[in-house]
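Shared chain: chain A. Partners: chain B in the first complex, chain C in the second.
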Partner chain A sequence: MSTPPSTPSPSSSPSPAPSAPPASGAPAAAPVHAPPAPRSVLGEGGASGPTLVNKPLPISKAGAGLRSRIYGRAGWAIVLGAALVLAVLVPVLNTMPKAFPLAIPDYAIPLLGKFLCYGMAAIAMDLVWGYTGILSLGHALFFALGGYGMGMYLMRSIQGQGVYRSNLPDFMVFLDWKELPWYWRGFDHFPFALAMALLVPGLLALVFGWFAFRSRIKGVYLSIVTQALTYAAMLLFFQNATGFGGNNGLTDFKRLLGYSLQAPSTKLFLYILTALALTGTFVLCRYVVNSKLGRVLTAVRDAESKVRFCGYESTHYKLFVWTLSAMLCALAGALYVPQVGIINPSEMQPSNSIELAIWVAVGGRGTLIGPLVGALLLNGAKSWLTAAFPSAWLYVLGSIFVLVTLFLPRGVVGLVGLVRARLRSRATAAASASHGGPS
Partner chain B sequence: MTNGRSANGSVPLPDALEAAAPTPAGAAAFAAPPSSAGDPPSVVTTSAVSSEAEALSLPPKDVSVGPHVALWVENLTVSFDGFKAIDDVTLILDKGELRCIIGPNGAGKTTLMDVITGKTRPEKGAVYLDSRVNDLTTLSECEIASLGIGRKFQRPTVFPNHTVYENCELALKGPRGVFRSLFMRTTKAERARIAEVLETIGLQDLRAQPAGLLAHGHKQWLEIGMLLAMDPKVLLIDEPVAGMTQPEMERTAELMRTLAGQRTVVVVEHDMEFVRSIARKVTVLHEGRVLAEGPMNEIQKNPRVIEVYLGT
Partner chain C sequence: MARGWMGQRWAWRSHWMVAAVVGICATLAGPGVRVGGGPARAAAATGTVTATVTVEQAIQGLSDPSDEVIVASIRQLGQLEDPRAIPVLEALVDDRLRSGADKRTWIWNSKTRDLVDPLTGAVAGPSARPAREVEVNNDIRRDATPVLAQLHLASPDIGVRLAAAEELSKDNDEEASALLHRALDREKDDGVKEQLALAVARMDLSSPNAETRLSAVKIVHRTGNDGFLAELQRLVSTGADGKAAETDTRVRAEAQEALNAILSRRRLITTFGSLLHGLSLASVLLFAALGLAITFGLLGVINMAHGEMLMLGAYSTYSVQVFFQQHLPNLFRYYVLAAVPVAFLVTFGVGVLMERLIIKHLYGRPLETLLATWGISLLLIQSVRLIFGAQNVAVANPDWLAGGVEIAHGLVLPFNRIGVITFVVMVAVAVWVLLYKTRIGLNVRAMTQNRGMAACVGIPTDRLDAFMFGLGSGIAGLGGVALSQLGNVGPELGQSYIIDSFMVVVLGGVGRLAGALVSALGLGVLNKLLEPTVGAVLGKILVLVFVILFIQRRPQGLFALKGREA
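Our next item is the complex of A and B:
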């Protein structure tokens, strides 16, 4: 997540409908406090054109069964198997001697952990975008706020072992602050810090969502407002006076709960924790989208006014899933920071939120596995390509996004479903031809 | 109804209630006015008087509008930028009544439905369900829906990615809260109810089909089925047979007739043949006003109606 803000430019205007009128009111509606924020690649084309924001997903027959349980037996087996691979097999391979061909080197563990955090954020994003049709371009804000919450605890736990040997974080000493600002109080207690890391982004999402959804702001307009929100927050956090380390953010962490963050064992532990949190997130989201609430959410995405006329207060449903998604993102951020060792305002830059949306789109929105696959694939490719061909990455990312938008509306994962649905429809066609059933 | 008001314009509503309440077959009291129906000028003048009197003496809010009245639309005016889409319309629907609303394009039929369901706010007037406590024009769409008003849109609106079964499940009467639906499981009784609805609309074989892939006519039926599952007190149905084939239309007419009796049904329709096949009582709207009201055969003879609508 450290690409310059120019990320979207190579892939701009992937809107599949050339007939869409030029963004009529959309740019004008951008709030005043966000000057030239990089414009969203996903939202251009005006409210009436079928952009990626409001383009309906193709109807798939794959999910047409009657859903009641979270998973069938086979489903649970797959989830548990994947969790075991991530949380047990990878650590075991890490402890293997270096000569072992499949051994995973120490440096790869925090990298994998970072990817899994991105995957969690992508799943959370999909909950609001893929399932509820709200394209947020500000989700990196919640991720970063969760990270700041954890970062504040890590700063407090340095306790006199920084450069200045002060009880205060180094940057405060540098700014000649004499005492801790009130909002830093309590962050030397881990449970409090963790609770804040989740609750503050949750509360922000709740308040923001309440106003946005109650005013029935939708589609591109909502996307623009969310992007403005994260941009405003970034500008705020860049200020030294805000008290979060300004430009440099929070870094130079020493230990977490007394364990050194430099020790490979701590890194491995954090990785395992992340893998477990990811599994938990996955199952939780599966429960949510599989419940009746999940069906209401999809209904909101497809025909919101009809949902209202059925007696559901769609605003409440959107608010619930929006807040849940923000908190899951914050959890991912809180796990991310101790593994990468730094959190600074550039995590909130608009391009990060856009990249998050791209992972979801490439992996396949409206599925839970898709965003995870998308996040892992694209970040893996990014790690490799930015090392091998540094200048090519943005072009590759852009063209992947354009191609997926044009040819794979359900993303990489949708490809599997597409093949399966085609086979199934061929089978039913053959069956109905034989006994003349309804088409 | 309107005549009664003009006779005693100062206290319009209690008058109507007196006339209505002691009559057990109250429907007769309301179904009477072919004379007023054929006389639009009197409608205009009386309503002007009564709306003036309204402001002076509203009856107490807790007075029931009468045990047999399901929906009461009172002096409703809606204007869009000065254009009056609905101009002082008063409409009273009895419980179990099947009412057709007809009228040429732009008569305000769909706007009337929009106001009743909370999509559009009126400039003036009120809509009451059951009693004078619930003025629907102050409530939100979903509050109105949970009070018991269901609506079928002009274009069939179903949830395309949900199966036929799930569409009915979502519409099924029950708690609508966020956390209730997070932990809710459908009970046996609910599943039986859904099966019953699917049978009524004849889509039980397509229950696992995504609704977006249904044929047009099937979508219309599914939407009616969703209304059945909601079990509303009042059903508003906008052009149910638009784009249907003849057999589909006959089947829909049958469906409409089974619906009426148990609940109040309002049908807005262009297709006169369909209206003739289902209607007992018809209200004709023209340029936002009630032009005539009465049984279909009388409406067909009404010279004003013939002039503005049927004749053309």
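Our next item is the complex of A and C:
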């Protein structure tokens, strides 16, 4: 969704539409919200032509089921059901003997965990972009900072068992450092490290957001400035002198709270934890966007000046959701690191932030479920394509960027709504016995 | 000529010979002086050197079986100071001297396997063979080397004189000092005189005489040569016992002054050097920013693929270079000139295509434009990678852009940087003329101010959009030509410039060409000025932080957009 365009754009402008979709993502609170969503989607679909309706159908079927059930029944049951599938069924399938046809192999568990972490970050991104209209190109920074916080704890927990048998992390011994820098202190305690992993990115987001929103930097300018911030941080972390392992980052982790990270059981536990955290994030975000505060956020996205004139201090709302999103991203990062086993500055690359945005765009902005779907879809495709056709992946990714923005402004989830609307109109057309459905 | 001052230098070469040499010396010196032979022989016998000896005679003496005669001949050559004797002495030191069957001195040319006359260079007839190698021991070398240096100092060739002075000044020796002083008095060429004075000064700095030292320091001060930094620092330093290394206070004060002068001069040179680097970085940034100022500032389109236009421009240059190498090798010098229009047309075409196919549909949706153009940049990068390979390709400077002028000691202005700066100035002027002095520019400015009104009065806004977008891309393509002359060309070339160039546009005020100019200069120079003091990475971070803070201070001025506001 865009900030209000000040130009007479030739194509049918999407700006009148956004009034409907934010609420459409809410299952429990607004169960009878089905009609508005398809209507607005139809309005868009009519302009962008019928060709796209047919092609990506296979993908949308799965999503259609999920979404329709959320709409149809009590949302909580669905969310809990999905959570059960992710957090219970998958682990159970993992423990099945290999002969069992649906058994999930061990190597897939961290991979799935990684995808769910990306999904969490995408949901956090949706909160600021889809609902509040702030396109951040710096969320990879918060993700990586959370990861670094966890990584620092994991580094400290290997004390004495590194290559150099030193109490210091290996890279510090390598750099000939004699003692721990002050900002590493306390990271041998897990609760402290976890708190820092969330608070430091949160604080950074708060300070940066305060400066940015106070000066009313918005739209692409905010995007550019966040990108510059991430870029600067990446350069900083690449330095050995910064004290976070430079190029190599933090790696070679051994154990978490005494449990070996190599053990399948630990991996499974981390996966379950991630699935639960994802569910929690999802519910929390739904709570936020459905609250009165969420309505203000949507209003800020669609017409910030009007919100200000109505007496709302939009800066505070934006600041809140921005910081919350950053901390959720950091949590995803903190869960990501022990499962992947490494964190280095390349996680902060500007391209990572932009990819995060495209997951959201592919899934569908302002839907919460869309970003999750987008993250899973794109990362699954990436895992498969980079192995099968290494040179094709960038083409696919690049084309997705272009095609989704041009033809799929509502993402896959929006496409599902579109298809459903078409089907319904065809059904009604058939009922009235007149021929003339879409090609 | 004192013996032994070159001893250490030669010891490494022939330490294994020492035993044998000592033996030979003993046998030769033992029976006393033989009678007969030329004047050199007589001179060796009497211990005096007669002034009537000619160069030819002295050279003849070099192949004498007696070591004493050889040494005496060397001294005669030293007194004669005839540069013609240089090759024969070099041959002596390098064991290339032969005594022919005809009792004459010959130089053995190991390449042509000929015996050559030391003075005329004529090849010896058969009568010279078989030739005997002249046995040379360390004592003889010790005598020959300073004489050789002395002859070099008298050589008519400036380069040879300078090298000899340099060589001599490294040895702390009275004789060498005397030699250099003599050479200094004789010298006519100013440049060589300067070098000689420095060489003398270098030696005199460690002279026991305070006056000599003082005059030496003064010479150093006057020339400001920074090769003396360590020497001067030693002079002003105090030892561990608190005693000054230099006892004479005048010398110390003079040395301190000279040191300060050299240091400040050096600082000036580094500053100037980084200023120049900053300027050329600024000019590349300016190319990118000028293009962005048009697409982003005037059209309101945020183009993340803008950096890739730089990259495409650079690869166009590479392709033109390859084409010239293969088909027009004799015009290779001018390939850069041909690359300029090619790069512009390629990137202009890509820009127009992008605008017509994709961006046109996204006007008024800046965030989507950002994502779509990012996708385009991925496609472009991957295509270039598939066509040209993922490795960097080499783009050579044509000869007239290679090298540079040295405007001061240690400060070189490279031609390619000067060329790039000139080029960007030309392009900036051209863009200014286009925007402010032509009809198209008038239309563009009208369109920027009020699009609907402009369309109403008949300005073809649609076509103008495409044209301006192509123009912005084309200018970035020209930047790619410039960039290819400064560094490596790789598929990810543009990525490193995109953030910087957006900073330039944001800082300079959107839609303002002058703003882009000033902020490109500012950021480029600031970047390079910070580099020596805080390091490249921290410098970049500081610049980014500065930009972010600056935006805090002046948001309205910078973000007050006319036209299609984002």
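Assume the second predicted complex is superposed on the first by the 345 of 439 C-alpha atoms of A that agree within 3 Å, B and C clash if a C-alpha of one lies under 4 Å from a C-alpha of the other, contacts with A are read in each partner's own complex, and residues count from 1 in each chain.
In this text, a contact is a pair of C-beta atoms (placed from the backbone, for glycine too) under 8 Å apart; a residue touches a chain by one contact, two chains touch by 3 or more.
These figures come from a predicted structure and were not determined experimentally.
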Touching partner for A:A263 - first (chain B), second (chain C), both, neither: neither
First (chain B), second (chain C), both or neither touched by A:A299: first
Chain B versus chain C as contact partner of A:A77, first or second or both or neither: neither
Which superposed partner A:V92 touches (first chain B, second chain C, both, neither): neither
Touching partner for A:F211 - first (chain B), second (chain C), both, neither: second
Chain A: partner with more touched residues, chain B or chain C: C
Touching partner for A:A429 - first (chain B), second (chain C), both, neither: neither
Touching both chain C and chain B, counted on chain A across the two superposed complexes: none
Contacting residues of chain B [partner chain A, same complex]: 117, 119, 140-142, 145-146, 150-151, 153, 157-163, 165-166, 169-171, 176-178, 181-186, 205-206, 208-210, 212-213, 226, 230
Chain A residues touching chain C - in the complex, by the definition given at the top: 2-3, 5-11, 13-14, 129, 135, 211, 214-217, 219-221, 223-225, 227-229, 231-232, 235-236, 238-239, 350, 354, 357-358, 361, 391, 394-395, 397-402, 404-406, 409
Touching residues (chain side chain C, partner chain A) in the complex: 300, 302, 304, 358, 360-372, 374-379, 381-382, 385-386, 451-452, 499, 502-503, 506, 537-538, 540-541, 544-545, 547-548, 551-552, 555, 559, 564-566
Chain A residues touching chain B - in the complex, by the definition given at the top: 56-57, 59-61, 63-66, 68, 288, 291-293, 295-296, 298-299, 302-303, 305-314, 316-317, 320, 437-438
